[in-house]
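Heads up, the next two complexes both have chain A, just with different partners, chain B and then chain C.
After this line comes the complex of A and B, so read on.
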């Protein structure tokens, strides 16, 4: 126990130099955790938003449905298999019927996906109740997102003509009225899409009781695949694979930032160690004269360097915990063009600091600090006590 | 029955490479020191005094010949064994005091005992006793930077004696002190030698130190020139012991 006590005494005894080092290193701690927390927060926030507004507990999709092929929509509809119909009746699932259509806002032509959804559904966090309130009129109520509104120039209360083909391929058209422009961070339920009441769409297309996919409520127990009548299940992981891959690719860039911060901190520690070894040669000689072996001197100096990391963690905790907690509460305002990132993260990004992130970063910094502290001390292994006492390096 | 000497050197030689040549710092030095001696290695700079002291203190190893200290052959010791010998049997006093700057006087003295693994209560007792010996008990909480040269050297003496070593090696202990402090320090060491029986070996060319020595070994160019017993009673210097 003598070496840890001495190491602590030595670095605390060094006064301002120690605290300066600890502060510089603590900046790296806080910035690394902050940047990684932003990335984790972005991932978590995007996933939560997508699950709430689009994915739910996963989708059962009609066998002919290919989300990446609009031409598949003509055939991608059918009656719900019995187990899914039971779930829909129980409020544990929401069917969605999707067809291809065209709207003509202000004389322009815009191809859209028309999605029919039950206005009273509670499976997805969408303001579908607006569709219910307006169902009584002759015009078809539609719900659009802000991006769609910006793309089409439509706003709440506007009327726009919608053209579509029914189940037999016959073109039909009718005026629709925008009953609400919803604000959502999930682009995939917004851009190029309009939402209409499910029963109106079934009626318009001659597809009674049919759907393209069924969204399960989160936590709902899904029926066995064999009972799903050929409808295939895509779970949350399938939907989130792309976004996770995107976050993964962004984390590579973040790792460079991480590495630079760590390198800067380690440079400070390395520099301090080299200087300490240079300035304290006579002290090393004295320690050896008093009975320290070279190994003990190396251990002492390495531990002193490592304790810089521990002190830095404490300093980082003093100002980092309140600072990062505040950022986590208030969020980080994002610039207006965040949509182009392809993430469903909204206007503010709320960092997420998991225990794993904080512990992992702390351990990594401490481990690296120890290694960096040890490297310069290898010179001590060649140091002769007599040279050290004269203030020379061997 | 004759007591075995604490230190025996036989044909001790130490050479250093210097460009294409080698310089002999010690050349076939054969000496022995008994327990309780108050001896000095004297001679001009470069005569090999410090080198011999370093080898006796197991801080260095000879190129040829042998040095046996407390029954252990210095040239055969591993680093760990040499460190153990220094820790348990040898105390050092340096010209520049070599106190550890971040420690208090008390901690500097205690340091030597920490390595011996003594329990805290025993350490405290010994440290306070050592500080009493050098009349510095009231400066226990001071830092080295707050001490005068004489006080610093007395702390170094306390650090050397606190573990009650068999041998204390003092390399130019008065070189950085004024005459009065030098005499005070030397009287303290002579008193320790007399009362504790600790063997003192000095490396010095300070006449004040030589006055206190009971044995003076003169080295010239790494060889023993003379080895004579002296009375160890300093003449009137005008300096009283005022620690």
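After this line comes the complex of A and C, so read on.
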């Protein structure tokens, strides 16, 4: 028990030098937890938004549908298999029909995906109820996202001509009216897309009762694949794989940043240890003369170094917990178009600090500090007590 | 009491009838017959055409020169000759498929489905419009709606409605030169009746035994702009075209 007591007494006795080391190390603690928390928050936020507005409990897709190949859309539609039709009737699934179209805002031509969805659906968190609004004349009500509105220059109440092709390949065109511009962080349901009432789109294209994919409600029990009539199921994990891989790669990239931070902090610890061993030779000799083995002296100095890590954790807690909690509550404002680079994270990013993140970071820093504290003390193993008492290193 | 018919009445009736006959328009022909003559005038087994496309956009205009080899209605091969940026770009149409090759990327791309509706080099013509070479009489029912003059040429105005086949334009209205059997003006409509595209022929020339539109302005009616002018510089009918030209290998 004497070693921990001595170590604590020595480290506190070092005064400002100890607190400077602890502060530098605490910065590493806080910055690592903060930046990892940002990445975790980004991931969580994006996943939650995508699940709510786009993925639901997963999609059943028409066999010919390839979300990455717009050319597949011409053939990617068909009648719903019976089990899916039952789920749609029960409100546990929402069919979506997708076709290619062209809009002509202000005399310009913009290619769009036209998505038909039931205005009364509750499976996805989309303001589709606006599509129920009865329109004067023959105008088709359309719902667009903010990005699409910015791209096309359209706003609520504007009329724009939509041109499309029906199931037989014949052109048709009608005027549409923008009934709502929705605000969504999920760009994959916004950019280059317009939403129209499903039955209207089916009538426009001559595809009665057909859909391109069916979104299941979260938690809905999906039918057996054999009963899905060749429709392919893509679950949440399939949709989120890309975003998770992106977060993973960003996480790996940011570890370079942590390594630099940690290296700077460890340099300070290492330097302190080397200086301590050089300056405290007589003390080591005295301890050995009093009966301390070399192992105990090494343990004492290593523990002193390690206590820097513990103090740093305490210092980090003093200013880090309030600071990080405040950021987690208020979020971090992002520059304008950040959410258009692939993450559905909206205008503010809310970091998420998991217990694993905090514990893991603490253990990592403590372990690194211990190793760095131990390395210079190996010289003590070769130290002769008589030389040490005379202030000489062996 | 008997009414007596004045002696002059038959003479007046005869004069009136003669005047009515003289004032009446020429007897409207059968719409299908007019379409057949149009198809006959334009159709050819093989054609080799050199043309210019003047594309007028918001930032000015540019001219693209190309040479096309057309065999029947299913095969065509086009090579762009000018400007230098487009030189070497090639397009091959086989049946309903179209491949393009761009030397800059050294890639051959299949254009199908919705991409066929994309504009060709920013013009008012889509790939589909470029590919279209169908006999109108096989696709549309035609009704002669009247007579009009386009410029100084008397024309039959024909309303064409789709026969239900898988074709791009549900309705068309064409103005056919009564003597030359060439279309001088055209309007293409969507199923809803909305006007989609217009075509105005500005010049017609006699080439061998046919009348050919050599200067045509295409306009996407839904888009702003002055349209795209297509000028035929040379056209050779029933030319000998080697079969190997209509293979993907010839794109590179």
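Everything that follows uses one rule, which is that the second predicted complex is superposed on the first by the 388 of 394 C-alpha atoms of A that agree within 3 Å, B and C clash if a C-alpha of one lies under 4 Å from a C-alpha of the other, contacts with A are read in each partner's own complex, and residues count from 1 in each chain.
In the analysis below, a residue touches a chain if its C-beta (ideal position, glycine included) is under 8 Å from a C-beta of that chain, and two chains touch if they have at least 3 such contacts.
These numbers were taken from a predicted model, which means no experiment stands behind them.
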**Three-chain arrangement built on chain A, chain B and chain C clash or fit** = fit
**Request:** Have a look at where A:108 lands relative to chain B and chain C in the superposition and call it first, second, both or neither.
**Result:** second
**Prompt:** Is A:384 in contact with chain B, with chain C, with both, or with neither (first, second, both, neither)?
**Reply:** first
**Request:** In the overlay, answer first, second, both or neither for which of chain B and chain C A:166 touches.
**Result:** second
**Prompt:** Using only C-alpha centres after the superposition, what angle do chain B and chain C make about chain A, to the nearest 10 degrees?
**Reply:** 150
**Message:** Which partner chains sit in contact with A:225 here, chain B, chain C, both or neither? Use first/second/both/neither.
**Reply:** neither
**Message:** For A:238 in the superposed arrangement: first (chain B), second (chain C), both or neither?
**Reply:** neither
**Message:** Output check: A:174 vs chain B and chain C. Expected answer is one of first, second, both, neither. What do you get?
**Reply:** second
**Asked** For the overlay built on chain A, what is the smallest gap between any CA atom of chain B and any CA atom of chain C, in Å?
**Response** 75
**Request:** Name, in rising order, each residue of chain A that touches chain C in their complex.
**Result:** 70-74, 100, 102, 104, 106-109, 111, 138, 161, 163, 165-166, 168-174
**Request:** Using the touch rule from the top, collect the residues of chain C that touch chain A in their complex.
**Result:** 112-115, 117-119, 162, 166-170, 190-192, 194, 196, 220, 222-225
**Message:** Quick check: in the complex, which residue numbers of chain A touch chain B?
**Reply:** 2, 6, 9-10, 12-14, 282-283, 285-286, 288-296, 384-386, 389
**Fill in**
Per the touch rule above, chain B residues touching chain A in the complex are 54, 57, 59-60, 79-80, 83-84, 86-88, 92, 94, 96, 98, 100-103, 107, 111-112, 114-115, 159
